[in-house]
Amino acid sequence: MDWLSRQFSTRVIALMPVAIAINIVLGYTVQTVFKLPIYLDSIGTIFVGVLAGPIAGALTGILSNLIWQYAPGIGGGTIGPFAVVAGVIGLLAGLWGQLGVYRRRPAQGTSLWGPVAVAIVVILVLASRIYGNPVYDDPEYFVSWYSTAILIVAVVLSAAVAVAAYVRRDAAAAWVALAGALTGVVAALASAPISAYVFGGVTGGGTDVIVAALRQGGTDVLNAALGQGFFSDPIDKTITSFVVFVVLASLSSRLVARFPLGERLLGAESA
Amino acid sequence: MTLRLAGASYRYAGARSPALIGVDLVIEPGEVVGVVGANESGKSTLCLVAAGLAPASIGGELGGSVTLGGEETRSLRPHELAQRAGILFQDANTQLSGTARSVWEEVAFGPRNLALPVEEVVARVGRALAVLGIEALAPRDPQRLSGGQAQLVALASVLALRPALLVLDEPTSQLDPLGTRLVGDALAGLAAGTGTAILVVEHKTDLLERLAGRVLVVDGGRVVRSGLTAEVLEDPSLGHLGVEPPSRVALRRAVEEAGLRLDPGALAPAGSGHAS
Amino acid sequence: MTVPATNEGITPGVPEFVARHPTGAYAGLSPTTKLVVAFTEAAVAFLVRGWTGPIAVVLVVATTAIIARVGRRMVPYVLATLPLVASILLINTFLFPGATDVIARIGPLIPTWSGLEAALQATLRVVAFALSVAVFSLTTPTDDLLTDLERRGLGRRGEFVIAAAVRTIPRMLERAAEIVDAQRARGLDTEGPRWRRVRGILPVAGPMLTSALTEVEERTMALEARAFSAPGRRTVLRLLPDSAAQAAVRWMLLVGTFVVIIASLTGLVRVP
C-alpha cells in the first residue's frame, strides 16, 4: 500500500488535473486547428504514467475521458466508453516509466544504431503480423492497398526513428518509438471491440473510409474496426510519445527528481 | 514563536552544489525582516528553508538547524508546518486552489483541510478577510480578480491557518503600482497589529524601507550583509550585488553627483526623527 | 443519511452563496442520484442488445428532460452526434458483412435489411447515450457532484483532481489559442500539406506542456502550505439534499441494471 500512496503524493495530485486538461485541450486543438487525423489526446496520460507510475497514469486517462464526456460546458461527443482504453494507455506508460524507457541515453556509433536496428526490426515484425492477418490472406477478401499502406507506415516510422536518433544522438529515441508503437497496437486492440460492439464499427471521423474499404473487401465488423485502429493508433501514440520524450528531456532535473519515478528518468545523472 | 536558523545550508534534490550555505538568522515575533539580492542568489531557497517546505515538500538535503518555536522543521510534517509558517509566492494564480467558487471558499481551503469544526472554519475565514480588509470580495470568483486582489486572497488563505511566521517571496513583483500598494499596506498592518513575524524578499527596496526593521543581503547562497534597514540599503556596494537602492538614496546620490549639497537631514529615512 | 432541502441549522455561519444548491423537480435531487441514473442509462443503452434497451433509455431520458425542463438545451448534444450517426447509417446499411437480405440494387450500392437494422440500433444507442449525458450535464453542476462524492468516500484528492481539471480547461484553451497565434506569426503552417502540419505540433505542444509542468511545482508547494496533505476527512461546509427514498432508488437501479445486463449478454432473457 505504501507503493500505492507514494504514487499519489501531493505533487502527483497537483500534476493530474494539468495533465487531464492538456489531454482535452491538445486533443481538441490538434483536431480543430491542425485538422489532422491524429488525436494527441493521451499526451497528459503518458506524462503522468512515466513520471508517477501506472495507477496514476491509468486514472489520468480514465478521468480525462469521463470529464471530456460529462463535464458541463466541455462535454459531449462519444469518447466516454473508451475510458478503458485510456486507462490501459496510462498503465502501459507507467510500465515504460518503471523500465526507464524515457531516460536519455546519449550514444554514438554502435550503441546508438544497435537499439535503432532493434526498434526497426520490431516495428517491421509488428507490421508484418498486421499485414499477414489471416482474415486478409484469403484472396477473395484481400485488400491489397491496405496492406501496402501498413507497410509504408512501418517504413516511414522506421525512418523517423532513425532520423530522430541521429539528430538527437540519443539511443532512447529508438526505445521511445518502440514504446509508442506498442502502446498504439494495444490501444487499437482494446478500442476495436468497443467500437464494433457499441458504435457499429465506426468512429465518425475521416478514417472511416478505411473501415468502408475493408468491409467492401469482405472483412467483418470487428476486423474492419481493428484495421482502422492499426492504421491510426500506432502513428498517433508514437508521435505522442516523442513529444513527451522531447519535453521531458528539456525539463530541469531539479523538477523531475521530485516525482515518484523521477530517478528512473534521470538515471546515472542524479547525484 | 521565534524562527532560528543556525548554520543552515540546503542542496536541492538532483543538484550538485548547495543553494544555501551557512546561514544564521533569528526573527522574533512581530519583527519584519527584508531580504534582497540578485536573481539566483539564494533568496527563494532561503524562503523555502525558513518555511520548512525545504525539505518537507520538495526533498533535498538540509544541513544545520532550522527551528520554529524550538521545533526543528525537518521533524515536522507539511501540514504541521503550514500552521506554524505561511508562505506566499509571486504568482497569485498558482497559489489559489483553482477549485473554489468564491473567495470565501478559497480562504476556507486551509482550515477545511485541517478538519476543523464548521464554526472554527467560519471564524477563521471571517478574521482573515477582516484583517486584510477584503470582506467585500467574499462572494467573488477567485479567477476573476485583479493581480493585487488575488494576492490578498492568497494571503488571506495563508493567514486562515494562523501561522506565527509569514514568509513572502517577492509578493508584489507581478503587480502594478496599485496592487503593490494594496499588498504593502496589508503587510504593514499585519506586522503592527498581530505580532506575526515576517520575512519578505523584495526587489522593491522602497517597500522594504517602509516595512522592514532589518535587511539581509544574499549573494551566492550566503548572507553577506545584515543590519538595520536604512544602513544596509545605503551601502554603496549594494549595486554590485544586484540590488537597486531605494529611490531616496538614489536621489541623494544623483544630487550629490550633480555637485549640489544637501542638508544632513534631507532625504533621511522616514520616521528616523530628522526633518525632511 | 437524510438531508433536508435547505442547509439551515446544519452548517451555521456558512454564507448563503456557499451553501446554496440547485432546486427544481429533477435538478433538486441528490447529485449522486443523478449520477447513478446517468450511469445506468449509459450501461443499459450500450450493453442491452436489441431495440428494447436503447428505446427504454430514450423514454426515461425524455421523461426526466421534461420534468427538469431542459428539453430545448439538449439539442446541441444531439446535433454533435450527427457525423457519427451519418457514418453509422451509411457504412452499416451498405456494407454490413455477411448480409444477404438485399433491399434494392442501386447501381453499385447494395443496402441490406440486416445492415439497416444494425445501423438503426447503433444509432439509437448513440442518441440515447447522448441524451442521457445531456440531461446529466444540464442538471448537475460539477461542484455539487464532487462535494457530495467527497463526503461519500471520493476524498479530498479525488475532488481536487476533478474540480481543478474542469476549472483549468477554459483557461488552457485560451492559452493554446494564444500559442497558436504566436507561432503562426513565426511561420507555423496549419493549412498546408499534412507533414508540415505535423511538424507544427511540437512548437505548440512543447510550450504548453513545459509551462504547465513548471507551474506544478508552485501548485504543489501552495497545496502543502495550506495543509492539503493533512490526514482525515475535510470539514463539510455544504450538504447536498438526499433522502432514504433516493438511496433506495439508487441501490435498486444499480442492482437492477446489473441483472438486466447479465441477462441480456448471456441471452437468458430475449427481448426485441
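To keep things simple, chains are lettered A, B and C as they appear, and every chain counts its residues starting from 1.
Following the convention adopted for this analysis, a residue touches a chain if its C-beta (ideal position, glycine included) is under 8 Å from a C-beta of that chain, and two chains touch if they have at least 3 such contacts.
Computed from a predicted model, the values in this text were never measured in an experiment.
Taking the CA centroid of chain C as reference, the farthest chain centroid is that of B. The greater number of contacting C-beta pairs, out of the two interfaces B-C and A-C, is seen for A-C. Averaging Cα coordinates per chain places chain B and chain C 44 Å apart. Each chain gets a centre from the mean of its Cα atoms; for chain A and chain C, those two points are 23 Å apart.
Across the assembly, chain B contributes residues 57-58, 78, 98 that each touch 2 or more other chains.
Each of residues 10, 17, 258 in chain A touches at least two other chains. Residues of chain C in contact with at least two other chains: 160, 163-164, 168, 215, 217, 219-220, 223-224, 228-229.
Against chain C, the residues of chain A that register as touching in their complex are 8, 10-11, 13-18, 20-22, 24-26, 28-30, 33-36, 38, 40, 43, 47, 63-64, 67, 69-78, 80-81, 198-205, 208, 211-212, 215-216, 218-221, 224, 239, 243, 246-247, 250-251, 255, 258. Listed in rising order, the residues of chain B touching chain C in the complex are 48, 51, 53, 56-58, 77-79, 81-83, 86-87, 89, 91, 94-99, 101-102, 104-105, 108-119, 121-123, 138-139, 143, 154, 157-158, 161. Taken together, the chain B residues at the contact with chain A in this complex read 12-16, 57-59, 78, 98. Chain C makes touch with chain A in their complex at residues 38, 42, 46, 76-77, 80-81, 83-88, 91-92, 95-98, 118-119, 122-123, 125-126, 129-130, 133, 136-138, 140-142, 157, 160-166, 168-170, 172-173, 176, 180, 190, 194, 197-198, 200-202, 204-206, 208-210, 212-217, 219-220, 223-224, 228-229.
Taken together, the chain C residues at the contact with chain B in this complex read 11-15, 17-18, 143, 156, 159-160, 163-164, 167-168, 171, 215, 217-237.
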